[in-house]
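Please go over the structures that come below.
Next come two complexes built around chain A: one with chain B, the other with chain C.
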Partner chain A sequence: MAIHEKSLIRPENLKTHDNLVLDGVNVSVHWSTFIQSRVVTDYNEAMEEEIAALPGGEHINRCWQCGSCTNSCTVNALNPDFNPRYWIYLIRTGMESELLRDKDIIWQCISCNKCTYACPRDVFPEGVMKATAHWLELKGHTPKSKSTLFDEEFTAQVVATGKIEEGRIIRNFFARTAQPLLQDWLVEMVKRVARRLPFKQGLMMGWGAVFRPRTRKWAKASAAINEYVHEQEARNRKALNLE
Partner chain B sequence: MTKPVLVLGAGPAGLAAAHALASVGQPVVLVDKESKLGGAPIISGYAKLVPSGEWARDAIGGMVRRVEENSLVSIRMNARVEAFEGEPGNFKARLSDGSSVEAGAAILCTGFTHFDSVNKPEWGFGTFPDVVTTTQVEQMISSGRGVRCPSDGRKPQRVAILLCVGSRDRQIGREWCSKICCTVSCNIAMEIREELPDCHVYIYYMDIRTYGLNETYYWKSQEEFKVKYIKARIAEVTSDGQKLIVKGEDTLVKRPITIPFDMVVHAIGMDPNVENKSLAQVFGVNLQEHGHIARGSYGASGQTSRAGVFVAGAATGPETIDDSIAQGNAAAMAAYALANRKDAVAA
Partner chain C sequence: MNKYQKVAYYPGCALEGTGHAYNSSTKAVGKALGLELDEVKDWNCCGAMEVKNVDPKVQTYLSSRVMAIAAHEMKAKVVMAPCNGCYHNLKKAEYDLANDEASRQTVDRISKKAGHETYQAGSLETIHALDWIKDGIGEEELKRRLKSSLKGLKVANYYGCMYTRPRHIFPEKDQGPGSESTSQPHFMDDLLAVAGAENVDFPLKTACCGGAHTLSDSDTSTQLVLNILQAAEVAGADVIATECPTCHSGLEMHQVRAEKVLGTKTKVRMLYFTQLLGVALGVSPRKLGVHENVSDGLALLKEKGIA
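Presenting the complex of A and B:
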């Protein structure tokens, strides 16, 4: 549902009382139904600054609410609740509770960057979506998304060895996301690969899976990457006043 | 020797007209009701002008000096025109100080009157001391005292600027856009953020009309100074005893808002000069529907409904300082041509 179609009365704002007496008058049943106020009573000014401090969110303050991002959005075409323009507004005005209502769809941005090219003010809405999803995770509003878990597994291997070993990534990713390893599509793919794969290639893949070769002299690079990643993570947590 | 041109009003338009005429050898009588030349930017104590960024006292002050030092300009301060008779090339004006002036032509540079916010009582001006106007904020800045809450002199943590106060409002008979308030408000918002970096500034707008190159002010205020823009026309400004409470509807999320603020600034519009009715009577010129001095057609710069009487600047409607100066120059050209016509024919 697009924002303009959203009902002004939300089910959770409807309060009914089976027995209610006001000023000595019994107003139970019909008259005991009340609509809680939706009034915005203050702005959370820290919110925009926090999201702007995360990578991708830097230019959120440029937004003038034209809606080009939402109109050009691939995901919005499939799910009208996915509304970058609206979320940017909520963040800028600090309407945190309102943003949290959509926390489970914000991560769905597919980074097609159509909004990036449509935006007349160079807000980089795609970056803002990324920063917002990141903010939700860091604040503990959402669990780590599958894509985050995949990225972490992938990155951990690169940092450790300078290489990636696909079999291990898939095994660990499935384990971390509680998925069975023997999925039909995977079994089928392995069967077909095995049928066509040159013997020597198969041998090398097997060897790599067992012995986990490293890129030579990788230790220094690994340490440098680790240091940088920790620096950035510390910086992000500090910007969000965590710890 | 031609008769002088009477220039009424020594604001940007009048100063420009007087200087333009004097610089081509035309004598000028410059009349102003105030005891100081400069018009609104000086009398109301504006701070930095848009778009030049120059202080009003330097920019307009320079125009004042230039006119004061010119021997062809005769200045009559603390004076109004009480009667104006005759015909093009041969007018006679009687001033309130009892003197009279013979003039070949006249240029009305009588400007505007700031909207009085008391006429929008629901927005709290006159009720709560921390509700101020853009003019007052200009004065806080130009005086060097800085932007402070008038009630107790504290530095505001949160400021709301309400646009279109006294503009675009049928309820109070002001159906025009005052043209400059958006840009001025963007500029003031940036000045507040510059002086008080911890102060959050919100602008409540219906539309943002920073037309032409003034758009820079809108962009810069958002991108560099992080001023926030909320699309809402405010319903009322009240107080909880501690803070001002701004109520309205945030139309982009369709939600009512009641937000606490330390200071509320009215971006006041430009009314027709309150004296326009008597000016129109004295000079025999027509006013247009909103009460500004009516202008003639294309091809007659600054012509009014009466031959030989010209008009320039905010007397014709809400106008910027730069455009007022340009119109002053244009009207000077037209008045010069007219004031010298008879001599040319005689020669």
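Presenting the complex of A and C:
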């Protein structure tokens, strides 16, 4: 009999033979397809503990694999490869090489918290996705994602001044990710607003913003937050055995 | 006196930038209804999604500082945040400080070094602009104060993610009749129905607009926004009513982007619910900042004979 569920098996693990004779019997027609057996030898036993040590990953051990997270996931509806339930399984069983196949999409979690809402075990899958994305970056498996670069730009501004100014964030983020600021859809948007209020164009996008919003009496808070953040960064690196 | 009559007001960063019209329309509606706002002194960013991603406890501290000023310096009992992100983060900080010892210690440590009193969980009630109007004025009183009607306007009410999820940070929701629902929120529907709008049956009320990655993963956000816009149009809506500056600007931005990048045009317009209420309360569209929106709400209101 032929294998009907080939779509469930990775193509590289399917071995088909045009001409195959086994024990003198020609099996070339129906019995020529085999699934290569798989032996996992490279368990990373530290992976679950390391991800659990990063903010958001604390409760990964509660998962009992019901799949409510993947079922409710916004990103999964757009891309079926985005599968939080499966990734939690891989992390908990230490199957690092399997997890790394999806390393470039894990950061795409949009933090809608539908998974956290649905999870019957309070795993906080949204936090686990963030912890996993950070783990991949800290371990050097992926470069910093655009999302991380955006978060860093945003956080640096908040810590420095207590507030953000959207125009400055957009300019700096586009510069850091080497994207042109004058994307035609952004230009079109500004044009549409400008038609009705030319003098406020700068206000809307912050492009003309000369003054930077600041929180008064912020210096001490800024220093205290910086100190804490540096401490946590060192702690996270240590938990991941990075020196 | 009604406890929402005068509240501490936390506009947040977005309302001083892209959400400027939400700020002016919230204030205008408050004025028309006789509700008072007392802006939190020297407020800072709530931490938003971005700081939370870098370190959740820093976000908890940032939100707690705003609450510390409102509760301990201004002696307020209630703080109102119209932005879903700010509202969500204050609620989350409240929850973490009430339930997590490590968060309490971190916040206490940073607060002491920053030189202000540490916020104590339970000192303040955080509400959204929807609660403020729904419970501060109520539907009957709102009806009495209407100057005109949104009659003939078909509205899809869009609440987004941060107003209802995750459930555990909103202990007052899902508490039976009169309370807000996290699965089928209805406060905005209720208020706009009083103002005469025809609310359409909109299945994506709490769908995600992709706001967290609006610039870092634009293709995903455009697709998510397009789902919302098209579902609203299929439901027959002229307008999507919004209650969050990030959702609102996300819908507007990616409506244009879908048109430019994917060639998919949608006609539905976006208006803040406070702009719609304001119009029904007789405030001029200009005062409500309707002309600042990217999608041309003013033309639609004129076409319908509302403004």
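Note that in this section the second predicted complex is superposed on the first by the 177 of 243 C-alpha atoms of A that agree within 3 Å, B and C clash if a C-alpha of one lies under 4 Å from a C-alpha of the other, contacts with A are read in each partner's own complex, and residues count from 1 in each chain.
We take it that contacts are C-beta pairs under 8 Å (C-beta built on N, C-alpha and C of every residue); 3 or more make two chains touch, one makes a residue touch a chain.
Nothing here was measured: the structure is a model prediction, and the numbers come from that model.
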Partner contacting more residues of chain A (chain B vs chain C): C
Contacts of A:234 with chain B and chain C, given as first, second, both or neither: neither
Touched partner set for A:242, first chain B, second chain C, both or neither: neither
Which of chain B and chain C A:86 touches, first, second, both or neither: first
First, second, both or neither for A:35, with chain B first and chain C second: neither
Contacts of A:61 with chain B and chain C, given as first, second, both or neither: first
Which superposed partner A:160 touches (first chain B, second chain C, both, neither): neither
Contacts of A:152 with chain B and chain C, given as first, second, both or neither: second
Residues of chain C defined as touching chain A within the complex: 13-14, 16-18, 20, 42-45, 47-51, 53-58, 61-62, 65, 106, 109-110, 113-116, 161, 164-167, 182, 207-208, 210, 212-213, 215-217, 220, 223-224, 252-253, 256-257, 259-261, 291-294, 296, 298
Sites on chain B touched by chain A in the complex: 200, 202, 208, 218-219, 222-223, 226, 228-231, 250, 252-260
For the chain A and chain C complex, residues of the former touching the latter: 55-56, 74-75, 78, 108, 110-114, 116-117, 124, 127, 130, 145-152, 154-155, 158-159, 162-167, 170, 173-174, 177, 184-186, 188-189, 192-193, 196-197, 200, 203-206, 213, 215-218, 220-221, 223-225, 227-229, 232
Residues of chain A defined as touching chain B within the complex: 3-4, 6, 8, 37-43, 45, 59, 61-65, 86, 89-90, 92-93, 95, 98, 121
